[in-house]
Structure formats: structure tokens, C-alpha cells
């Protein structure tokens, strides 16, 4: 995990590419399972999300261990995650796709925002969702869920590989989210995916323009030689 | 399947009747399973949806067959469906209620719109959902799902009987959608259901008016003789 | 069930406390399962919901019993529930978490509103959801579902203990709903939970203010002695 | 529910008819939802099960109410059910299809057997399943589940209409179980279903004999006039 | 689909290879989704199953179409499938993973056996399961389910590509089943998979023998050069 | 985790106590969630299972990382777990309740048996289940599943806290399994639970004897003073 930080250029490119396009790029590289299942955008405002994964892992809770007093301990993983996540990173929380309780609430989500994190993602629930919803900040979850994490979830680790939404997430993987959902890009593929995804996005913008002008998709999408030529000309005009 | 096209009058009536009322009309004819389960309206704009079913069937995909190059083949069922669906018809896509991948994306959905289709329905996912969402066009799906169909779905047939949202759909059935969801009306029942549904809608408008005026539902809903008389008078005034 | 009516003061306090805070108060009293699962707010307008539970119980329907004519009987439990629910109470409908059919529709929901009920909650579906959605009234359900209750549900009892969203609901329990969802407070705990929930809400408002000002959560949330003192001072200033 | 007791003749006939045949008889009478879903035979020994339904209803449990001491109360519904079920009846327990805890254990199941009940059915779990499994007694459940009912279930009523395995069960309905599962026959249909089910069983025995002799199913199943004549001759020979 | 019939040699080899080994062989060829999910062996007797897929497709049923009389029509797909499946083929039935009703019953299953089919597989239910269970014949299903197919399923096609247990099945694919479950081998891979699967089986037999003799799995499984040499010697001795 | 090893006496006691009784003992100590959900005994032979938890954690697999060659690495967590699990311990594998692929197969399960482990438990699948099934060794899983772990699961950690069957498992917890399923006993409670579970078992044996003799459960279960006296006398006679 000694990879270099995500370059500003790649970060900037990824913010303009849809998760649909990114999954296509990843499938072209043999990766079919990269889009988090049953994880949805909670906030209506805020930008797209791009950042390195910083992970938090929960296991099921136990009544004698998971009591309110645990939060007084500064080394508690949930609190430690929130206070140590680096700027520009995304907090990705593995709740085992169980939304019967929250993985976090508005105070901790807000704290990550204030510390410069790029967003929060969990396949569990989020509490105080009406408050979170109003933030200009990318937040994704499996559902609105008032109960505190202690009722179902026990925070056990930070920055280990996890599953989230049935997708593997390794610390440092690049997490991208738009209004559709969240995609996980293996760290070493990010630059290449961003470059080619940019090109694919331009092509699809061109195709969409042609379709809205009434053209058939045959020969257009995927493009034949004539279409490619027209696309190149279109790019120059832009 | 040699039925006559849907008459403009029935099409126009159905556009004004709620799916709730239509399911009641169908239940009165012995059909209890006519509302698609877990299929939701994606677009916020656009009219209600009414049209004959034009179907597309997927089976699970296979890694060696379902590769990007397949789309270059004009006879690929997904592309053929989009380029051959008649004006006024609804594209209904059977994804076996599996939303882990998309049944279509914004370019193909837009193309059906440009070709004059009446809408798109799938019990799978749709990709590019933020783009689709902005169309003034009726689109329904099981969920937002970035991965291309090839990751999970293989298009195999067009215009055969299918299941969608756990409801049988025969080509030519009348598909009606409002903000609540999608109902499937067997083709031969459409005219009759439209006529009686219109009458039921008027009655429920009258009942709602009375309820908002403070009247009890006893004797009103369902109506006794006195209420029926008042309803007839109310209709004349309208 | 001879408890006194909910006091106006407690009702008023509960309307200002989030369901997240209420579940924390209940967990502190040993109750971990108080938030209804898979039950969501349908209406975007209207206040928070607070009221005593008035229950309606469904079992699966049977084709020979559950025919449209049943609604002509004034003693039919669904209709009786709607016409007898006391002012200020919440109609809570047990549909066994089955949203394949509706527990009620817009006419009956509107009637409860006109009769002064505090809201409607079901873990089944609701039909005429686009009409209900526009009411300034708290309504919660498991999903939009056009089919009439008779297709799947048979109303069998009113005001007996039920399950709703996997939570036990006893008649007279206090039901509170906000934009996040619905919590069930055992009747005898309501006053105490309201008082302490009010205090917790103030504290979390203070904490949120501090977090938005850039303060770390360590020592703040949960509060150490210094934070408690600052909070007391803050409260006085307010 | 003032129906006469199940006649010995009908009871005896039903014990010889498969649940598959019974569901066909019920479908021919317009009832499509009569077979309990996800409810399986636990015991390998013992006869088929036939008896009138005697019901027990659970709702979700609550930590402050559902404590071990409740069983000391003779009026506790679970214990009262076991000690009052009439001879020849089947105890049918509604656990809301939740098998995370048991609806009963070996001691109570054994007690119903000793009191002459005809069997036990639940859509929840059963505990002490290895002990129950060895009884020569019909027992059906949703799964093996060690936790006591109190962890998830609260017994609330006896002999009210319930759902079990997604099928409505009214007290007095006739419950029949074989190695395939459990079917619910509305009380007033039992005699007729038994008579015609007997005839259908004979016909299918004849058909099976013919199929094993190598005959095609065309004209045999369903039978044409010639097959009917052969069947009548076969019946006489038997 | 003009492939040659399955050779006796390959058929014979596949009968001796476990589905676990076959999925490994297929994964080595890039196919990860070849094992039917939630499909289990029903019969305890009978051989392993090997044969070409002969498919039957169901969609959801409709009350006005799916009535008992349909079976009198010889062209009804379910009956036609049973009477035309070639010897040595496996009848694979797509029930959309819905076990609420049966895909077939004992009479039709027995008929396929008498006609020389190699087995029956469905991801739906099977009725008359206690009778089927006793056959010396490979039969697999999603569960025991008494209701006739008409209550939920409508037979619509034979010998088209289908999904079964979330796996694609093309007519002519090779279907292999053991006590673990069912694997689908694309037709063109069958000979090669059989040859290499045979070799893998021998190796795993050798490894199991060594593990039972107390050897560590390091260097043994997967084998290093020394182990490979020992394996070659072992094979010669056998 | 510096607790002393499980004493032979406690181990021996636990082997004679049912998981039903153990969950009751744990519920009496405030722990309601201790029985693994959807985890079943695979082997029909072999003793009950008692041992300290030794854990293996999987996350979802990724196509570029999870290739067959990984098993050649001795530090691969799955292989390391099998070769380092101490005698008398139970291998508990967290597969996130996903049975679409196996957590292990017969060779590795057999190896743990040869090394003296007390059993294997996973909430995922197991492959080569027909071979495993025949071992005289306690093995539990979520289902039979031929595909190798690499198709869905990536082994990432050994001996960290995990979830299994929706229950928290800490390394060193005491895992007990009988024919009903698997219970997790927090390490520090094991001796006490064993002692009191032994007493409860005796009492229930006595109660069962009385019930089989025809006695009512009132006053017997739970026991009143007279029953307690009879029980004490019964114990002396034994």
C-alpha cells in the first residue's frame, strides 16, 4: 500500500466521469464486480465523490461489550476513524449490508467533512439522515436507520481490506460516487481508467447529441469508421 | 397476437386512470397479479405511460459470450429492440428482477424516446440514471445500477412472452404507468377496463371531495343508494 | 391499558426530538428493537408524527372471503378502524412486511386525517400514493403498491398487539415519526424519554455547533467535564 | 365457527391424500394460496397429519416484557395453548416466518403429543430439534433454531385467525401434512375435497401404473374417454 | 447448435467427476458462474447425472389463461417437453427461482425417466416430492412445493436459452449433477473439461490419501515438483 | 485474549449440553444473539463440537487477485489457517453469509481433522460436501456449494474478530455445536454456563420424563416448589 497519492489530474478527471462509464472501463479490464450493490446517495447537494478508501470494519455487536460507555475511549475504532481519516480520503464502512442499525450519524459525518474528507460510504444505515441529507457533501448508505451502531454493529478495525456493498475495498483503492452510486477502482488502475474514461465520456456525449438529433444507433454506438471520423471532427470543434 | 391497435380513445382514457384503479378493475375480473413488484418510476417529469408491450428478454450472462464486441452485431437483441420498437409501444425488459446490472442506459433509452416509444420498463437496473432521470419520458426500473448489462444479463429474444416484476407480459398487452408504478392489462380487456375505470375514477373523485368535506365513509365508500344518487347529480354538475 | 392519555407537554416535546435520539434513549433503557425496519415516510409535507397507537391487523387473504363486497359491511375491521380511531392517535397497520398489496389508499388515509388522527403507518404498501404524497399529513409505508388489500391482505382485528416493521406495537404505545422513520415508545416510558430526549437533543445541537466550528469530537462527544460546563453555559445563553 | 367436528371418515380419507392432490382440489375451487411456504417436516417418523387448526399467535418480543419469569404465569398463551388444545387438533403457530428464534421446544411439543393433538406446525423455528425429530409425531417448522421464543417472539393470542407460511389459517380449518409439507383446507370444503381427492388419487395411481408400463401421457393425463373407461375397469379390479 | 452428440467417453468421464472439480475446470477457463444456486438433489438413490440440456421455460401465470383444461392440449409446452425430450438429455426447467409452485410432479418426472432422459432439474419446486424422492433417477429442485405449476407458472417455450439457478443454460449444454448440486458446461468445452477434470480428480484422490496419512498441505496442495513426481508414481501403481 | 485454555471439565460438560439449553443460559445473562443463523450441520456422524474459536476472514474476491496461483503462497490465509489451527480449536470462517461459493473443501477440512481441530464452521458454502458429509467430524455450513472460494471470496485475515451467521465471534470464544446448530459462548462465561447448563439439562430430562408419563406442564415447567423437591429426589436416585 505504498502507492503514491492520487494525482490531482486523475482526481479531477474522475470527478467528471460517470460511475456507469467507470464500470465499463473496469469490465474491459476483466473486473465485473466493482459497483456497490444497494448503496445509494443520501445527500442531494454536494459534488461528485473521488478519494482514496479509508476503511472501518464492523462485526455484529454483543450486548455486554457494546454499551454507550465505549465511546469515551479515544481508541474506539469508529471515533479513531473519524479523527484520523486523511484529507481527500473517503470513509468506507463495512456494515455487512445490514441496515437495521446505523454505521454513523450526523455528528461524525459532519466531523469528517470538516476534516476535509471526500465523503462517507456505508452499506449499513445512517442515522440523523434528515440532517445529513442537507449537507453539501457526498454521503452514501444502504438506508435511513435511527438505531445507534451499538444495537447491531461493533467497530473492530480501521484501514483493513473490507467488503462494502458486496465489492472488495482495499485501503487506498479509489472510490468514486455520483448520483447513481459508488464504484471501487483498484489503486493501480486509476490513472489509466481516468484517461480512457474521459475519452469514452466524450464519445458518449457525441453519441447522445446524435441520438437527440434523430440518428439511429446502428453504426453510431458502437461507432463505425465513419462515426469515428465524425467524432474526431466534433472533438476539434469543441 | 392479431389484435387491432389500441384505440386513441382507450389510450387517452387509460392515461387519466390511476394504476390503483386499474388493479381494482382487473381484480374484479379475477386477475390478482397485475402490478409489477419492485419496479419504480425513475423520471420525475413526463406524462403517464400507456402503450402496447414490446418485450426484450435477458438470461444470465456468460463471460465468454457476453463481451463488448457483441454490440457491433446489428442483430443483437437489445439493439434490435431499440431500433424496431413501434411508435406508441412500451419497451418491457425482463431482467429476472436482478438489479445487479443494467438492462439499458441513457443512450438506448433516449433512442426509444426519439423513435416515439411510449416508455421503458425493466425489473432490472438502469445505468446513467441521473441522465435518464432528467428526460420528460416515462421510465421505470428496479434500481439504479451502473454495470453494463453484459456483466449479468444476456439479451436473447425480442417480442416473446416474459415475466417482469413477477407479472406475466405478453407482447401487445397494454402497459400503464403512473407515479405509483406499472400495471399490465391483457390486451382484450383494455377497452372495457378503460371505460369502467373512468367511471370508478369519477366516483372516487366524488368520494374524495365528500371525505375532504368531512363526511364519514360509511354509506359513501362503497356507495349506498343515496350516495349513488348524489354522485349522479354531481356528475351532471361537472 | 388504563394509562392516562399522552400529556400535551410530552406530545409537544416528542415532536421536536429525532427518532435517532429516541432510539438512543430507549437503548439506554435496554430496548434495542424499537425502530421500524423498511418503513419510510411517504409524504414530503406535514409535521412530525406523535400519537398513541391504534392498531389494525391483517392476515393473508383468501379468494373466497376477500371479495369487494366485504367493504359494504360497516363492521369490516379496516373501515371500522378508520371511522373509530380517536383524535391524536396513529393508525398502525400490520401487513406482515408484505408490500405486494396495499394496506390502505388515499380515501381512507384522508378520512383519518379529517377525523384528527396523528398519522398512518404500515409495513405493507399504500395505494394512490401520488395522491397521499401530496397531503400535509404524516404517512409511512413499506412501499407504493397499487393492488387493493383484498389481493393479499385480510383485515381481522383492531386494537390488538401487533408487529409492524419487525417491532412490537401495543395499543396505546407512543408512535413517533420524522423524516428518518418511525420509533415505538412503550407507553409508560414516554414522559421520561421525552424529558431526557430533550436534554440529549440540546447537547447534540451544541456538539454539532462545535463540530461545525472545527472542534475535534474527542472530549466533545461524549462530553468530558469541560465540555459539560461549556454546554451548561451555552444553554444559559440560549 | 360452530361447524361440526371433522368426521372420522373425512379425517381418514385426508390422511391418504397427498398435499399435492389437495392443492389441486383447492385450486379447482378457486383457492391458489393454500400450501404453507418454507415450512418443512421435521420428524421422519409418525403418520401423516390431519386435524382442526388450533392457533397461537406471536408478535415480536420486547426486552422488558419477555423475560423468563413469564412462563410461571399459567395464562401465558404459549403454555395455555399447549394445555388446552383439544385432542385431534393441530397446533398452528404464527411466528411471522421468522426462524431466528423457536416457537416451541421438545417439552411442549411432547406435551401436545401426550394430550392427543394431531401435530404441531410453525413458520418459525423449533428448538431441541434433534429430540423432536425422533418423535413418532407430525411436526413441521421453518427451521432448527435453538434460541427460546422470548429472544424474538411474544405469545399474544390463542385461537384467532393467523397467517402461517403466508397462508391464512382460521381456527377450525383442516390442516393436512405429508412429507411434502402442509396444506390448509377451509373447514366447509373439507368433506368435499376429501371425497374428490380420493377419486383423484386413485386416478393418479392408475396413471402412474400406466406410465411405469411405458405409456405416453398424451390421452392418459389428463385422461381421454378411452382412458376413463380403462380407469373405471381398473378400479373394479382393485 | 449443430454440435455432435456428447461422446460416450466424455459422458462416462463426467459421471465420475465431482461438480466441485468441474467448477474449478470452468473457472480456469474464465467462467465463474456455472453452479446452479439454491438447486438441490431431491432423490437419494440413482446415479450421477450427465446429459445435454433440453429446456422448458415458464413465465408467471395468469388466472384466466392458466386453468386445468390447458393440459388437454398436446402442444402445451410442459407436456410436449416431457414427450419429446431425447434419450440421454436432461430436462432443465426455468421457474425464475420461484418455489411457491411446482415446475412438475411425479407423473411427468417418471415419464421422462421411462423415456430414457438423464434427469430433471428445476430452480422452482417439485410436487409429489415423496414419490419422486424414491426414484432411482437424478432429480434436482429448489424445494418441495405441492401447488400445481398453474398457480404461479405458465409454460411458454421449449428448447430456448434460459436461466436456471442464476446460471445461463443453452440447449445442448452439458448438465452434470452429483450429491452437491448441478453444474452447466458449455457444449464446446465438455470434452476438454472431462479430460482435465479426470486428471484433477486423480490428483485430489492422491492428495486426500496423503492428507489422511498425516501429511501437511504445504507443497502437497497445490503440488510442488516432488509431489508431482510422487503423484506420477502413485498413478502408475494404481 | 490471555485467557487460560478451556478446562477439560468444561469442555466435557459442554459436549453434553444442547445448544438450546446454552442459548437459554446466555439469554439469562443478557445475550440474545448467540446462535448462528442459517448455519447447519453437514456431517451426520461424529460427536458434538466444543472448542475455542480460531477464525478466518473472507472479503469479496477480485478477478485480478483471486487466481488459482495464490494457493502456492504458504502465507495465504486460508492455507495458513488450516496448517496452524491448534488442536481442540474450531475453525470459524466468515463468508458474509454468502453461499454462492465455498469457504473450504474436503481436503482442507480433512486436514484440520487430522491436525486435531474440534470442527469447522462457516456461514458460506462448503464444496466436496458428499465427501465431507461422510467424515466422523463436526462440520457446519450455510449450504453445499461447488465453486471454489476464489470465485466469490478472498481470504484476508486469521484470528481476528469476525461475524459468522450474524453472531460476533472473537478468537478464543467457545464454539459449541450439536445437531441443531452452533452457539457462541463468550470465553469468560464458559465455565459458569457449563455448570448451570448441566443443571438445566438434568431438570429438563426430569421434566421430559414426567411429561412422557402424562403430567401437565403447569407447575412442572417451570417447576414450582413441589416439583423442585421431586427433582432433587430424582437426581439422588440417578
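Order of writing sets the labels: A, B, C, D, E and F. Residues in every chain begin at 1.
Note that in this section a contact is a pair of C-beta atoms (placed from the backbone, for glycine too) under 8 Å apart; a residue touches a chain by one contact, two chains touch by 3 or more.
Values in this document were obtained by computation on a predicted structure and should not be read as measured data.
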| item | value |
| --- | --- |
| Lowest number of touching-chain links that must be crossed from subunit B to subunit C | 1 |
| If a chain touches subunit A and subunit D alike, it appears here | C, F |
| Contacts common to subunit A and subunit F (chain labels) | none |
| Same-site or different-site touching of subunit D by its copy subunit E, using the half cut | different |
| Pair from D-E, A-F or B-E with over half of its contact pairs in common with B-C | D-E |
| Furthest chain, CA centroid comparison against subunit E | C |
| Between subunit C and subunit D, centroid-to-centroid distance (C-alpha), Å | 36 |
| Whole-Å separation of chain centres (CA-atom averages), subunit E against subunit F | 32 |
| Subunit B and subunit F, separation of their C-alpha mean positions in angstrom | 49 |
| Centroid spacing, where centroids are CA-atom means, of subunit C and subunit F in whole angstrom | 39 |
| Sequence positions of subunit B contacting 2 or more other chains | 32-33, 63 |
| Which pairs of chains touch, using the document's own definition | A-B, A-C, A-F, B-C, B-E, C-D, D-E, D-F, E-F |
| Footprint of subunit B on subunit E - complex, ascending | 29-33, 59-64, 96-98, 154, 156-157, 160-163, 166-169, 186 |
| Footprint of subunit E on subunit F - complex, ascending | 63, 68, 71-72, 74, 79, 82-83, 99-100, 102, 105-108, 110-111, 114, 127-131, 133, 144-148, 150-151 |
| Interface residues, subunit E side, partner subunit F - complex | 18-20, 22-24, 27-28, 32-35, 37, 40, 178-181, 183, 204, 207-208, 211-212, 214, 216-218, 221-222 |
